[in-house]
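Before anything else, here's the structure in question.
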Amino acid sequence: MNQDENELIFRCQKGDQDALKEIYDRYHDKVYRIAYGVVRHREESLDIVQEVFIKLFRSIGNFKGKSKFYTYLYRMAMNTAIDHSRKMYRVFSSSLDEEGAPQPSEMAEKGPDRILLHKELEEKVKAALDELPPDQKMAILFREVEGLSYREMAESMGCSIGTVMSRLHYGRKKIQELLRKYVKEEGRE
Amino acid sequence: MRRIPLVLPLGLILVLLFASTAPTQMNVRLRVIQASNIGRAVDPSLRDLHGQMGSLFNFTSYRLFRQDDLSLYPGLPTSIQVRPGRYIEVTLVQEYREGAEVRIRVILEGKDILNAMVRLSPGRTVLIGGPRHAGWVTIFALSPARY
Amino acid sequence: MKDSCSSVSRLLEKYFDQEATSKERALVEAHLAGCPACQDALKWMGHCRDSLKVPIETALQKEDFERSWQNIRREIQIREKSSWRESIQSWLELSGLFRKKVWVPAVAVAAILVLLTTQVFFEEASFVALPDVEYVDSSYNVMVYPIERGKITVIWLFEGQEMEAPPS
């Protein structure tokens, strides 16, 4: 654990809000990625980010340094996002004007068909992710979105590396099955 | 208003009580020394220890590999990598007027090869050495720092 | 090829995640060179990852995190104010009881003073008296040498029967 992060944690434990701000600056995007990965909604993701850092400030006194700080934070972020997604009910619209739609410059060479395919694929992946049990969803998001190593994932999820690999494997298998089925049905491969 | 006089002295005493026992940070100096029997060179910065190490150990050469002045915070481990796969981790457990309790772990290839609880007090040094590796030995010297 | 596919498929995810050892990497790459099915499987893993990541990164770019921080700060301050108010209120209600038994707060103050003095005294006495090493746990053989002359304590790890550094 690096020195200046320890100092920030210590100050935060003492109630220093400037220290919390520094921690927020370092980690808000990571927490957002996890939140958005689970709920796929901008406003709710921001709500989750806010909730996580408020919770962190209240509970950081319980952090004993037994795990790395970011795994502690990631676990908190993931649990908060999953709890949030259980409470909220949302209706997705598949309009191309929605957030997350590909930018025109990125899809310059693709016509409307390909843009629709891209957007629909993303929604299919999201729907597949929603069907996964929480531990597989967590593994997929930690790996695919945050790029954590197997060891870091094991620490964040409180399990062995073997279990991490197993959850990843089954999560990916499920998502790929749904994706392949979709592409086959639509005859777009 | 009559209630307030009761609150104030009690509150003041409680503040004093907690202020005197509240954990704070501690500064320590960690030196990582490589000792061997190849050559007779002794790093000048190790003079304060050399006299003692010379009588303690059979090595002819002592090289200061790295020196770190660490700020330790209660319960928060600080790790220093010596070489890939080898770390020393130091954690302040409890600070006292006369020193502090510190947990030291030496980790090699993901496994603890040492887990110790030591007391550091001003003017005293804890040396942790061994085992041999490719003809030399790593010695960790840990002492409270005043800086 | 089929047998080879089934043995490599277990390693394909590790390879994709850059967690494979160099030996495993070499095995997978050699297999991939001649196996379209496994190349396709790898490609699909990439599609899934991109489909997950791209919308997140796009959304991230659009957010105003400074405003979000202001909300966090405000919320913390509101909660801190209300918890201070609650604790003072409950204290004031409680101290109404003390008025009836005036000796209760006096005893409490005296007890705290005694505790404070005892703790400080005990702490000093106990710390100085104890040795520098409280415990040692190691997978190696260990010797602990306290050297009073140099105010040094040595913890030495060694293998086998022979000591590496005899004490002075």
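Order of writing sets the chain letters: A, B and C. Residues in each chain are counted from 1.
Just so we're on the same page, a residue touches a chain if its C-beta (ideal position, glycine included) is under 8 Å from a C-beta of that chain, and two chains touch if they have at least 3 such contacts.
What you are looking at is a predicted structure, and each value in this text was computed from that prediction instead of being measured.
A.B. asks: For which chain is the distance between its Cα centroid and the global protein Cα centroid smallest?
C.D. replies: C
A.B. asks: Looking across all chain pairs, point out the one with the most C-beta pairs in contact.
C.D. replies: So the pair of chains linked by the most contacts is B-C.
A.B. asks: Measuring centre to centre with CA averages, how many angstrom lie between subunit A and subunit C?
C.D. replies: 20
A.B. asks: Measure off the straight-line distance from the CA centroid of subunit A to the CA centroid of subunit B, and report it in whole Å.
C.D. replies: Using C-alpha averages as centres, the distance is 38 Å.
A.B. asks: In the complex of these two chains, what residues of subunit C are touching subunit A?
C.D. replies: 13-14, 17, 19, 44-45, 47-49, 51-56, 58-60, 62-63, 65, 68-69, 71-73, 75-76, 79
A.B. asks: Spell out the residues on subunit C that touch subunit B in their complex, using ranges where they run on.
C.D. replies: Result: residues 91-92, 95-96, 98-99, 105, 108-109, 112-113, 115-116, 119-120, 123-124, 127-128, 130-140, 142, 145, 147, 149-159, 164-168 of subunit C touch subunit B.
A.B. asks: Over in the complex, which subunit B residues touch subunit A? Could you list them?
C.D. replies: It comes out as residues 25, 70-79, 91.
A.B. asks: Within their complex, state which residues of subunit B touch subunit C.
C.D. replies: Result: residues 2-3, 6-7, 9-10, 13-14, 16-17, 20-21, 49, 51-52, 55-58, 96-99, 101, 111-121, 123-132, 137 of subunit B touch subunit C.
A.B. asks: Within the complex, which stretch of subunit A touches subunit C?
C.D. replies: 17, 20-21, 24, 28-29, 32-33, 36-37, 40, 42, 45-46, 49-50, 53-54, 57-58, 99-103, 121-122, 124-125, 129, 140-141, 143-145, 149-150, 165, 168-169, 172, 175-176, 179-180
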